Amino acid sequence: MLSTEDNSLLTRVSKGTAMNNLFRRFWLPVLLAAELPTPDCPPVRVRVLDEELVAFRDTNGRVGLLDQRCPHRHANLFWGRNEDGGLRCVYHGWKFDVTGRCVDIPNAIEGESFKEKIHAFAAYPAVDNGGLIWAYLGPPELEPQLPHFDFAHVADNQRFVRKMLLPGNYLQIMEGDVDSSHVSFLHHAGVAPKGVMKIAGAASPYMVLNRQPHWEIENTDYGVRLAARRDAEPDTYYWRVNQWCMPSYAIIAAEAEALIHINIRVPVSDTETMYFRLWWHPERPLTELEVDELESGGVIMPDMIPGTFLTAENMRNDYLIDRSKQGSGASYTGIKSISAQDFAVQEDQGGPIMDRSLEHLVSSDAAIIAVRKRLLDATKALADGVEPPEAADGDLYRVRSLDTILPRDVPLAVGGRDLMTARV
Amino acid sequence: MLSTEDNSLLTRVSKGTAMNNLFRRFWLPVLLAAELPTPDCPPVRVRVLDEELVAFRDTNGRVGLLDQRCPHRHANLFWGRNEDGGLRCVYHGWKFDVTGRCVDIPNAIEGESFKEKIHAFAAYPAVDNGGLIWAYLGPPELEPQLPHFDFAHVADNQRFVRKMLLPGNYLQIMEGDVDSSHVSFLHHAGVAPKGVMKIAGAASPYMVLNRQPHWEIENTDYGVRLAARRDAEPDTYYWRVNQWCMPSYAIIAAEAEALIHINIRVPVSDTETMYFRLWWHPERPLTELEVDELESGGVIMPDMIPGTFLTAENMRNDYLIDRSKQGSGASYTGIKSISAQDFAVQEDQGGPIMDRSLEHLVSSDAAIIAVRKRLLDATKALADGVEPPEAADGDLYRVRSLDTILPRDVPLAVGGRDLMTARV
Amino acid sequence: MLSTEDNSLLTRVSKGTAMNNLFRRFWLPVLLAAELPTPDCPPVRVRVLDEELVAFRDTNGRVGLLDQRCPHRHANLFWGRNEDGGLRCVYHGWKFDVTGRCVDIPNAIEGESFKEKIHAFAAYPAVDNGGLIWAYLGPPELEPQLPHFDFAHVADNQRFVRKMLLPGNYLQIMEGDVDSSHVSFLHHAGVAPKGVMKIAGAASPYMVLNRQPHWEIENTDYGVRLAARRDAEPDTYYWRVNQWCMPSYAIIAAEAEALIHINIRVPVSDTETMYFRLWWHPERPLTELEVDELESGGVIMPDMIPGTFLTAENMRNDYLIDRSKQGSGASYTGIKSISAQDFAVQEDQGGPIMDRSLEHLVSSDAAIIAVRKRLLDATKALADGVEPPEAADGDLYRVRSLDTILPRDVPLAVGGRDLMTARV
């Protein structure tokens, strides 16, 4: 349970809010790299952290991310011509490079000199990294290192990337990442997928036998380590460790041979969230079965509305719930894909912004409580002028999730240390 | 004409308003019984009096009506599994019975004891009655009797039930029920239906001859009795009596052999209204002709958008007005069904909430004035702590509408007494 | 750049604002004449200057323009029966003539006398003129003369008329009319239309050679004369003159033999604008080629959504931008019609109401600055009680645009005087 004030602090992300400011201290994915596939390709709209931007990849392959308004008379640069090292407004031909500098004002006699005074309303650094385009929307003098994520350092065929635009506040969507106990209910199904979903660890007999694990939750220098310990054999423990990294990353545990995956939630507005979901294997290309299960809508990923990042199952169609499947036990919810199951309950927790002053938490919500506290502390600290230390060092993010068995007398920090360190 | 204050008092029904409170003193229909057809059938959403609820019929056939939010983390119980005597949230398995009691918390070690402290945010009594599910949303200690309506005490084949969700404030929609004079205009048609519509009395030659009846309007212990008296033969009067019952029922006059019908308006929000419309015969099953005229869209009832309670004719398509039919006199309005004719003018009386401070009423609006006053007085009384007496005694509602001829020297109260009393 | 206050004064047009009041001082087109084709034809909705009206043509061909609410209980007169010299509300039969007088109250005994006290909430003078229906929404005692426009005094086959309803504030849409420099960019195309578009003067070699003309901008008694002067031969100048007339007309220059055209923007609300666009020739019928180019969507005019005044290309489909055409240079924007190119950039200048306190104007925006100032001065003057003088004399509007060559030693005011005067 949160106070109304803390709930507001955590959930409100419009421009000028404390949480908006906090997110601006970090590099954030804002596009799939595939959305800007080639130099001089069409620009695309980017809405993030309550800003309306336009992104383009210039002739040299550099990515620009500008306020969508041309400074002249505010025509949308989205209509612009991406050519010869810059984005040109189609209304009167004003042109801007990736840094936001105005490089041409062809419709006025004084254009050559006047252009020196003109700059895009905003221009943010943006780079390709791991199949995503990342941007930094904070104060230039505080630009941090890119977080070093495992998935950004493997070959493209070792990685699967998806982006979705979800209705709902980022926090309630993100809380699902560290809400271990919902898996046994919401995602329980008569028939389980055979490939990728081993990553969810649902296949482990120890998990089936023990649905109420012992939690070891630890604040770390990158975020919160969420370790669930279950009895395995008489002398061993079964450990599952998810890594939640500031400000909104969750690396999910995977069995030794299975894919790791990471969920990244980026606030668009108070009630809209961009969701990047990546699956990768540090050592080998994805198998055909894995790609197939991830590609085909309706198993793990939802079906998408073609040409959009919107899910075909959504609130307007009650997430296509099939009550007969729910009744027969073929599916706990009657909702087809694992993702859509999450979205259905997350979109409407009493509305798009949950009122956490009325909730009733239990012991299995410990990880949620820890993550909220970490975010809240960082938000309040920043409001007091203390920059978030996680942003300073990208190497802090060299962590992995864990799914392993250790002798009972070996502490996790010792036995799991190497396994929880990224190697690529 | 109403003051702006009184217009607000009468029309505003959001939570906490005086009118919302008044409606909560009465049992109100909130669903068709057919929407919860069997034990353990899928739950359904219920929006009423500015609340978001979910209804379900449990294993024993009892109906539950709960706040839609699970008290844990507010996942919508609409997604829930209706099984083994309760509704189970699919997010983490918490389960509630029809009284709102939490009967299972399977995702936490402390669940067995903690569940005793947990209760649905709201749980309202709900019962089957006359093809409808009725709910009481008021203070438990004031729970009233169910109103005794005729239609609830006949066999199912003696009754026809419809539900619609209409845009517009409940009051302007309900005013149409006691607006006798509009029938000769709005519903005037070249060709009249042959069966059911006799109930509107339009077939009476006395009604055609005399379009400006003498009104006898009387406050009663259940609401307002609206009697229209017309000259019949030299020594007789033709009486038509509609019964308006607190807080929003209107029993419409029917000739001796025709169906009676009742209109029930239940506020959903300031600008949305649930409309239950029932037709019944106290002594016999409905005929095939009657059912056919009621079933087939476009005569009496509107066409519906399949799978919804929304009308196919609506403001977005100008209620499919056919100006050529209007011009030829085949239809006064050019709008097909009698219901859609009503909805077209009621939805937009200067907008979804009419400003009655600007209206210009005439003598034929006497019934409207009387009904408003009754509602307004009750609303103000309740605000002063005086409970509405009508709610206390369900038997007050044992009334019928009337359509008959009486000798001129016999007062209505005497000659009509038995006919205006429900016998089932 | 405008102050925030001036930007508000210029753009806000809801009822009661200074700009709404200013527009009410002038006759304004509100419908195509073709929307009310015959006596007693169906009434139509009119939304203009933040009012909801209904227009009808009575039995004698006179046009009525009334507040849409029946004064009785506010049923929408749009549903009304247009018959026998008036518009009759279908709810209770009340009837009004084109002056707003109530001529029948058939549903009440006292109707015959009561009707004398009843008047439509509003009734505005409305007349046919030049293929349009014009209305005057200001104080009756100040009713001005109709502006004398050329196009209203030619035969119907010498004129082409279109109406569109556009999202966006009227001002940013209208600014496009006096934004000469955008033509060389936004509307630049590989292949130009052969007929009508000569009116844009794009065919002139002097225009291609000199994209930064010398401006002569002059306040006149009807509005602002916007003259662009370019060098032609050593002893001549090429002059193009557009006429902007209070409060929102723009007569666009045409070469001697080509069609003249006029754009008229009428505010509907802060974010919706009616746009009337007329093309005409003062001396001859339009040719088949001209009509064809104007009729066929996608060249000059946009495609329309059938049965509406809405454009098929719109923001929801990114104005059907074709990036491959943009890339190949076949079209500067990749948007098909000239009109849709304008609408795309005008609809979203930082949103539906541009914030002009942040713009960066250049010399080529001189005409925009002049027009804003004229409107702003008139608005402030009216707020101080000074009526706009342009409204008083319709003959002030007897002006034409100009496209001609004059000796360098002949001033425009002399050499162009006759050519800039309307002759019909």
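We just call them A, B and C in the order they show up, numbering each chain from 1.
Going forward, contacts are C-beta pairs under 8 Å (C-beta built on N, C-alpha and C of every residue); 3 or more make two chains touch, one makes a residue touch a chain.
Just so it is clear, the structure is predicted and the values come from calculations on it, not from any experiment.
Asker: How big is the rotation relating chain B to chain C when the fit is done on Cα atoms? Please round to the nearest 5 degrees.
Answerer: 120
Asker: If I list every residue number at the interface of chain A and chain B, are over half of them used by both copies, so same, or under half, so different?
Answerer: Counting which numbers both chains contribute, under half are shared, so the two copies meet through different residues.
Asker: For chain A versus chain B, what separation do you get between their C-alpha means, in angstrom?
Answerer: Comparing mean C-alpha positions, chain B is 48 Å from chain A.
Asker: Touching two or more other chains, which residues of chain C qualify?
Answerer: Correct list: empty.
Asker: Please give the residue numbers of chain B that touch chain C in the complex, ascending.
Answerer: Interface residues on chain B, with respect to chain C: 175, 181-182, 184-186, 211-212, 318-319, 321, 323, 326-327, 332-333, 335, 341, 344-345, 348-350, 354-355, 358-365.
Asker: Under the stated contact criterion, what part of chain A meets chain C in this complex?
Answerer: So the residues of chain A touching chain C come out as 40, 42, 69, 71-76, 79, 81, 90-93, 105-111, 114, 117-118, 121.
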